[in-house]
Amino acid sequence: MAIPLTLITLVALPFLAALMIALLHDASRAVHSGIAGGASALGLGLLVMLAGPVIGGDVPSASWQWVPSLGLDLTLMVDPLGLLFGGLILGIGLLVVIFAHFYLYAGEATGRFFASLMLFQGAMLGIVIAGNVLLLLVFWELTSLSSFLLIGFWQHKAEARQGARMALAITGGGGLALIGGMVLLGLIAGSFDLATILERGDLVRASPLYPVMLGLILIGCFTKSAQFPFHFWLPHAMAAPTPVSAYLHSATMVKAGVFLLARLWPVLAGTEAFTVIVSSVGLVTMVFGAGVALFRHDLKSILAYSTISQLGLLVMLLGFSLEMAALAAVLHILNHAAFKAALFMSAGIVEHETGTRDIRRLGGLAKVMPITALIATLAAASMAGLPPLGGFISKELMLYQTPDLVLLGLPWLVPALATIGATLSVGYSLRLARHLFFGHPREAEPHARAHDPGFGMWAAPAVLTLLAVLLGLIPMLLAGPLVGAVTGAVIGGAAPEFDLALWHGVNLALILSLIAVAGGVLLLWQHARLLTLWERAGLPDAKQMYERTIGFADTWVRKAIVATHTPSLQRMLLASFAVIVALVIDGALVGGGVFTGTRLGLPASPPAIIAWVLLIAATAAVVNDSRNRFRVLIYISAIGLIVSLAFVRFSAPDLALTQISVEVVTILLLLLALNLLPKDPPLLSAAPRKWRDGALAIVGGVLIGGVAWAMLTRDPGASIAAYHLANAKPGGGGTNVVNVILVDFRAFDTLGEIIVLGIAGLGIFALLDTTAVGAAGARLRRWREDMPHSPERHPMMLLMASRIVLPLTLTVGIFLFLRGHNQPGGGFIAALVVAIAFLVQYLAAGFDWSDARRRFSEHRLIAWGVLTAMATGLGAVVFGANFLTSTFDYFTLPLIGEFELASAMLFDVGVFLTVFGAVMLALAQLSHIAQRAARAHAATLADEKDAP
Amino acid sequence: MSVPLPLAEVIVSLLIVIGGSFALIGSWGLVRLPSLMERLHGPTKATTLGLGGMLLGSVAYFQLVRGEWTTHELLVSVFLFVTAPISANLIAKVHLHRLRLGEASEAAGPAGRPAPPTADTDWATHEAPHLGTPGDMAGD
Amino acid sequence: MIEYALGFGFVALGLALALNLWRLLKGPGVTDRILALDTMVINIIGIIVLAGIAGGSGSSFEAALLLAMVGFVGTVAYAKFLLRGDIIE
Amino acid sequence: MSRLLPHPGLSVLLVVMWMVMVGDLTFGTLFLGLVLGFAIPLFTAPWWPGRPKVRYLSALGYCGLVVWDIIIANFEVAAIILFKPNRDLRPAWLAIPLELTSPEAITVFAGTISLTPGTVSSDISACGKYLLVHALHAPDPASEIAKVKARYEARLMRIFV
Amino acid sequence: MTLADHLPILPVAIPALAAPFALLVMRRRRALGINISLVSCLAMLASAIALMTQVSDGTILAYELGNWPAPFGIVLVADRLAAMMLVLAATLALIALLHAVVTRADRKGWHFHPLFQFQMMGLNGAFLTGDLFNLFVFFEVLLIASYGLMLHGQGPARLKAGLQYVVVNLVGSSLFLIALGLLYALTGTLNMADMGLRVAALAPEDQGLLRIAALLLVSVFALKAAVAPLHLWLVRTYAVSTPAVAALFAIMTKVGVYSLIRVVPQVFGDGAGAAAWVPAPYLLPAAMVSAGIGFAGVFVARSLSEQAAYLVIGSTGTLLIAVAGWQTATLGAALYYLVHSTIAAAALFLVAAVVARRRGGFADNASPGPDFADRSAVGLMFMLAAIAATGLPPLSGFIGKLMILKSVAALPDWGWAWGVILVTTLFGIIGFARVGSTLFWKRALSGEATAPAATRADLVAPAIALALLAALSAGAGWASAYANAAAAQVLDPALSARAVLGEVAQ
Amino acid sequence: MTYEFLVASAIGVLVAGGIFLALRARTFQVVLGLTLLSYAVNLFLFASGRLVLNRPPIWDKAVTEYTDPLPQALVLTAIVITFGMTAFVVILALRSFLESGSDHVDGDTVTGDAQDSLASDDTHGERP
């Protein structure tokens, strides 16, 4: 089987298995565990196939491009290190699957369990055989995520959820740091390909960014492998089902950090910083973990802290930056995987059988469950580092190395602490075994129904324990070549000469470990007294700290967010205006340039000045009088008058027409709305706020006014408008350049513009369509007119006048429309005039009377208007020209004489229809909604009456 | 028409001056007269003769001085003649209405409050027009 | 000659506007304000007409026409609001 | 006939207005004007249910009369505003009894009164038999009423039959 | 001329035609209206993809509306960036529309589909136009349509939020107009390419005005993109909108980002004197603050939709951090992340909707409720959406963040940027983990299991969104290459100037 | 006194008034503020073509000098759009007042507002 295929299958298998299990989540447990076990076994087989050549020294690898621009390639490679870890992951994985199959209780979601387990296995496998650091990161974060699912498997348990969250937060967070570190590493090394990076160690260590990078990467590793002070998530991960714990904490999850340290050893190791930080952190963790483990009573908790301690040991060894230490680490990884998995499983068995994990309630189980006792005791012995077991050898090696490292200038420090650590681990290991299996039962209840489980359940731990034993008896035969090769891979060169054996003659290491054993026994003997001391000491619990930190952050961040983000329009606008003002000031200061330009001013005529005064006064009145709303509307229309007058004066007749007609429609709208709104409610703002806003407003006004002045006093440069002026008649067929721009040069704008108006009409309709029902309807029905009204609904003179005004106005509208292309006017203005004509009818004769005589549906008008405009645009396309290309021609008919037809006129028709429809829709909807609400209510009441 | 230019200019100027003066007088009346009903008379001047004068002036100007045929100014007058009485009428109605309500800002003028036409009916502002009478527009 | 007439007209209408403004702001009655606005429209039409003569172009007369119509509608709307509240009932 | 041309007078007015607005005397304009003069009244007919019978010739005469009165009265009122102090002012409410019955006629009558300065028709009685007029300066209300009725209402009675 | 020559107008023309037709048939024959809407979205997608294939080789299509030569008429410019945004918009529209139809959210009023189509027209137009005032017009189109959509379904909450949303955007529009007026007064043109050339030729005494105009314009875009401190309007607006609409809105803030990316290099590039790279001093800090606020919001939010709303702010901030670099690499990263974050936010809104539909009174609040239908399936979807939102593998967010981190490292103050990005991610992780575990794992002791959902069809839309994210991650090689190419194209205004104005302008 | 000064100062005053009113707490005042702002903005945009007297952009053989027509077209578009937006916001304000009985911009209930005639009992706002 070709190497690339092998590798990709190797990684893909677990994921595929997970997928299959997820798809078959309703199938039986056997199916699930079958798939999972099968996948693990298959993977293991593949790995074994590769084992020979890999240990032989060649590195099978394959690479596919993924994101070249990023340097993220799908590179896979199996070197001895990867092989070792891969073996552990798959092998122990397989055993865990078997164990779990028997362990899980009936009715548990085995599908979800095994799927998550396989997901996790795949992620782990990916980490160890990834040949690209970015790819490694992908799998790294995947392990955090999948472990989240595994730890939280028992969703109903609070501690499971907390444990899962904590694990995710810590390891995921560390993962983020690692991302930073890895990207930096890649940037420094100039490549993200692992092999390349490993060759460029010197370059990396020389880089000024090395410390930052190192720090980030170490955070990643330490969080993952639960090093002090990031250790606390691990014990709480014990809320997971025991098989999960066995898997995560022996061979996989927590080992990932160690793996990464080993993986990057050639690049990172050797510097002062690396050695001191890593080894001291490891040392502290080892001692600390062991110490805590000694005083725990929960079986799994003891194992958890022992794991922390053992991981500390590994990290410390790797931190030594010594080849032999690395070798020791490799060996211990192997050992630890074996005995720790075995211990977890036995713990699981004990819990499964006795229903408790509290060792204070257990004891003397050896009689009732001898097999389990044998397995667990042997494993514990290995953990304690007693001969003739594997643990002993690796610990020997460790102790042998300790004198070579000097911390704080104290040569004895490291050996001493290491020995203490060892002593403690002997202590808790022995305590574990003894409390569980020897002496006599402390409580009857759990003891009563305890017995050895079936073969299926103890087979897995048995195998592991056997491994642990053999690692002690025949280490060289069993693991020698592998360890050698792996060490070579770790240190990135040839492994040093080494011999693994129980007996090296009497040397420092032996003495130290003897001390350790003796001390361990002593500890066990004095345990009760020590325990009281320990409990009196009452060390702070890191978990509570974490919880408190999170809680603190949550409350305060929430306070801050709520305080700043309660939706208040005034705040939003204040922020916006403040930003604007600041930016304008910035522009004025930074940009430089002159304020007043060179353009000659036009002297203002007296009426203009008076009009200006009028505008200022009216504005002031609006602001100052804004409480009396009706009055303000009068002022507003005065302002509108002046503005349109200004447009007339500055030769913009079209604008004047538009402004005037829009003005009146707006006023009608506001009056209609004001009828239902409060007429003169008390003002709300307090004085200080008024001053603040006033100041801001004045500054803003001065700034914008100043900008306008600066703009007006400059001479315009060459404008594209010259082209419009030149081509309006010949190219657009119209003499009113503004109109030609609107319907031809920039018809696309106009298309959007009428659509805006149409949508506004629709939106308003939709808003008011529902006023009759719900709270609004109820409020409307109860709505009492807040000012006494005249009983006369339709004043006679007005009504009579309106009847003659309508045709007159219509004529004017048509006139304005037809001449629009050549003289001021056009579809938009015409539409407004016509709309006003009809609105006068509504005003005079009332809604119902006029509406009954209406012959058009506003919705359809809008739709047809837009369609007409679009049709003119697409018509051009049909004739092969660009969208909205216009054409025009002059025709002569007998009697009528010459007249012009332009396609732009058709477009203008579209404008007319849409605008007219939108305006009518808006105002007609708004009129007399109170009555309509009452009517709708009556109708519903009638229906309800008819119903029964 | 062939009118010698000087005469034409005289006509135009005269019309403009008359128009301007009446507009001013109207607004002056708006300011100085004692109460709303009196002030209401002011704008009617401005509307009729004031604007009329200026519009005629414009027609005459384009006609006689520049020789262009522009007549649509007259339309402005047409509209105003139709609409001005209505505006006045409605404002008066509002005045009566608010007078009856006793709004503080709405003071009765020297003419006092209008008495009801007869004992049994009141003005339409205060009493809905009777069915079938000309003022009854409810049917429409 | 016409120039002088126009000048007079402009000044007269300007003054008229000022007087309207006074009435507009002073009141006292809201009816007075409406009336002032109505008059203002008339005067502005006047100004536009005179400006038309002064500029010698008829292109702004539509504005005058529209103002005449629109001023009426505005006044009616205001009055109807004060009389009936709901201007379109 | 009346269905195709609901308001002949209006149609004529529209055609004239169109010609005035467009401002040139080509046949094309007239044609378009005629089309509009025919179409628009037809389109707006529903909004003007009434079909008043009008004597158009005498109506024209009436218009002339009104215009003349406006000019005269303008000067009178101008004089009042400029020279008569408020204390000498004799404003008065006049309740004019109506003989006209059709709303159109009454509206025209009231409009005339408003247009001729010095009098503003303010309201109509609920029974529709009286017109409330405010006179700027009417030392003798009765004669004022009589004058208005004689000068305008009588003529309108003849126009609106 | 074949239809291919008119390709650039199609994305605007299709919805502009579909909307009125839908409006005409809506009242009587609803089904027909829905079909019109769906078909139009498909057509949009097709045309957008066709456009993408045309421009992917680097050609820039300039479409002169009305055959008026640029800069005198309005011209549509289709380059890689525009095509990318068009495809994104169409895809998103399809998903949102699907969800709206399946959940019958479109039946609460008569105007959903017309408004939806008009909204799409506004978006596509904004992405295509090469004319500054035309950009304003399309902003207004998409805004007014969004008002309508945002208020769809109404109810007090939406009305309150809607009022604020509308008013704030009205102020923004006014600002836009002022900036436009100033720019026209200075340069005498509205065409972006042309303006870019003319700005470079401005006299020293006009520099102050130029800078003011530029800053105002940029602040308008910042307001649309909800960059702190102009972001306050967003949260409530998005949180209360109909989920399908909110999902579509995920791209609305990106319109602001797009405009920024489009206008700044084109108009205020190196040659722009006092306005060169004008947002420079402010953009990076503002972006960082936005990212911080956004993910802090995710961290403390108490409901899924609220979280999603904050996420929109946060992700926009994150991608603006990259934009602030104005280099090909950073901009490329930003563009890739833009696509990702848009879809991710949409997915989260949709998942929130799915949850709310199933939990009855408990809605999507982060409070333990009774068991509900398809809990594990929905839970998985939420987890994936959260993964995407925080930028964890295997979904595209991870690659996006890697690209941003890597490219940003070349900038002077990369440390800050990295810190913000990494820390905010952590906040996101914790927040999502907490809400997710409460919603999907914790069970309220009281309260009976809510009835099984009437339909599972509502799972389709979010599933599609998530699948897209997976695809975006799998095809990251091509996507990132395209994004970088688009960035390079945008950063070289001469290219589009040549395409729009022809050689003469050079 | 030049026209330029009049226009510029008028714009300034309108902007100031607009900003101040827009920052008030009542929807109606905010609407007024937006209206003032839009006047100012339209004038500003119009002013970008500079001020020219008696040169309307109506093409004529005789005339050679015109004012800049483009800003006029832009302002026309702007007026229309602003009108649509204003109309919408007015209705929206009214609608939310009817729904919540408060015309406060944030929908907060204001103590002392008598306008809300709806007793608090029936607020069955939305029908699902």
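Order of writing sets the chain letters: A, B, C, D, E and F. Residues in each chain are counted from 1.
By our rule, a contact is a pair of C-beta atoms (placed from the backbone, for glycine too) under 8 Å apart; a residue touches a chain by one contact, two chains touch by 3 or more.
In this text, all values refer to a predicted model and were calculated from it rather than measured experimentally.
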Reaching chain F from chain E through chains that touch each other, fewest steps: 1
Those chains which touch chain D and also touch chain B: A
Smallest number of contact steps required from chain D to reach chain E: 2
Selected pair, greater C-beta contact count between A-E and C-F: A-E
Centre-most chain, if every chain is reduced to its averaged C-alpha atoms: E
Centroid-based (C-alpha) most distant chain relative to chain D: A
Length of the line joining the C-alpha centres of chain B and chain E, rounded to whole Å: 58
Gap in Å, rounded to a whole number, between the CA centres of chain C and chain A: 61
Separation of mean Cα positions, chain B and chain A [Å, integer]: 70
Interchain centroid distance [CA atoms averaged], chain A/chain D, Å: 75
Multi-partner residues of chain B (at least 2 other chains): 26, 28, 40, 42, 70, 72, 75, 78-79, 82-86, 89-90, 93, 95, 97, 124-129, 134-135, 137, 140
Shared interface positions of chain E, touching two or more other chains: 133, 137, 140, 144, 147, 151, 154, 156, 160, 163-164, 167, 171, 178, 181-182, 184-185, 190
Per-residue multi-chain contacts in chain D, two or more chains: 17, 21-22, 103, 106, 110-111, 121, 124
Every chain pair in contact, whichever chains are involved: A-B, A-C, A-D, A-E, A-F, B-C, B-D, C-F, E-F
Touching residues (chain side chain B, partner chain A) in the complex: 75, 78-79, 82-83, 85-86, 89-90, 93, 97, 101, 124-129, 134-135, 137-138, 140
Complex contacts: residues of chain A adjacent to chain B: 788, 790-799, 801, 804-805, 808, 812, 845-846, 849
Complex interface listing, chain A residues touching chain E: 65-72, 112, 134, 137-139, 141-142, 145, 148, 152, 155-156, 161, 164-165, 168-169, 172-173, 176-177, 179-180, 183-184, 186-187, 550, 553-554, 557-558, 560-561, 565, 567-569, 571-573, 575-577, 579-580, 583-584, 586-588, 590-595, 597, 704, 707, 710-711, 714, 716-721, 723-724, 727, 731, 744-749, 751-753, 755-756, 759-760, 762-763, 765-767, 769-770, 775, 859-860, 862-864, 866-867, 870, 873-874, 876-877, 880-886
Chain C-touching residues of chain A, taken from the complex the two chains share: 605-607, 609-611, 613-614, 617-618, 621, 630-631, 633-635, 637-638, 641, 644-645, 648-649, 653, 656-657, 660-661, 663-664, 667-668, 671-672, 674-675, 785, 787, 789-790, 792-793, 795, 798, 805, 809, 812, 816, 823-825, 829, 833, 836, 839-840, 842-844, 846-847, 923-924, 926-928, 930-931
Residue ranges of chain D touching chain B (in the complex, touch as defined): 17, 20-24, 49, 70-71, 74, 77-78, 81-82, 86, 89-93, 95, 97, 100-103, 106, 110-111, 113-115, 117-118, 120-130, 132, 134, 136
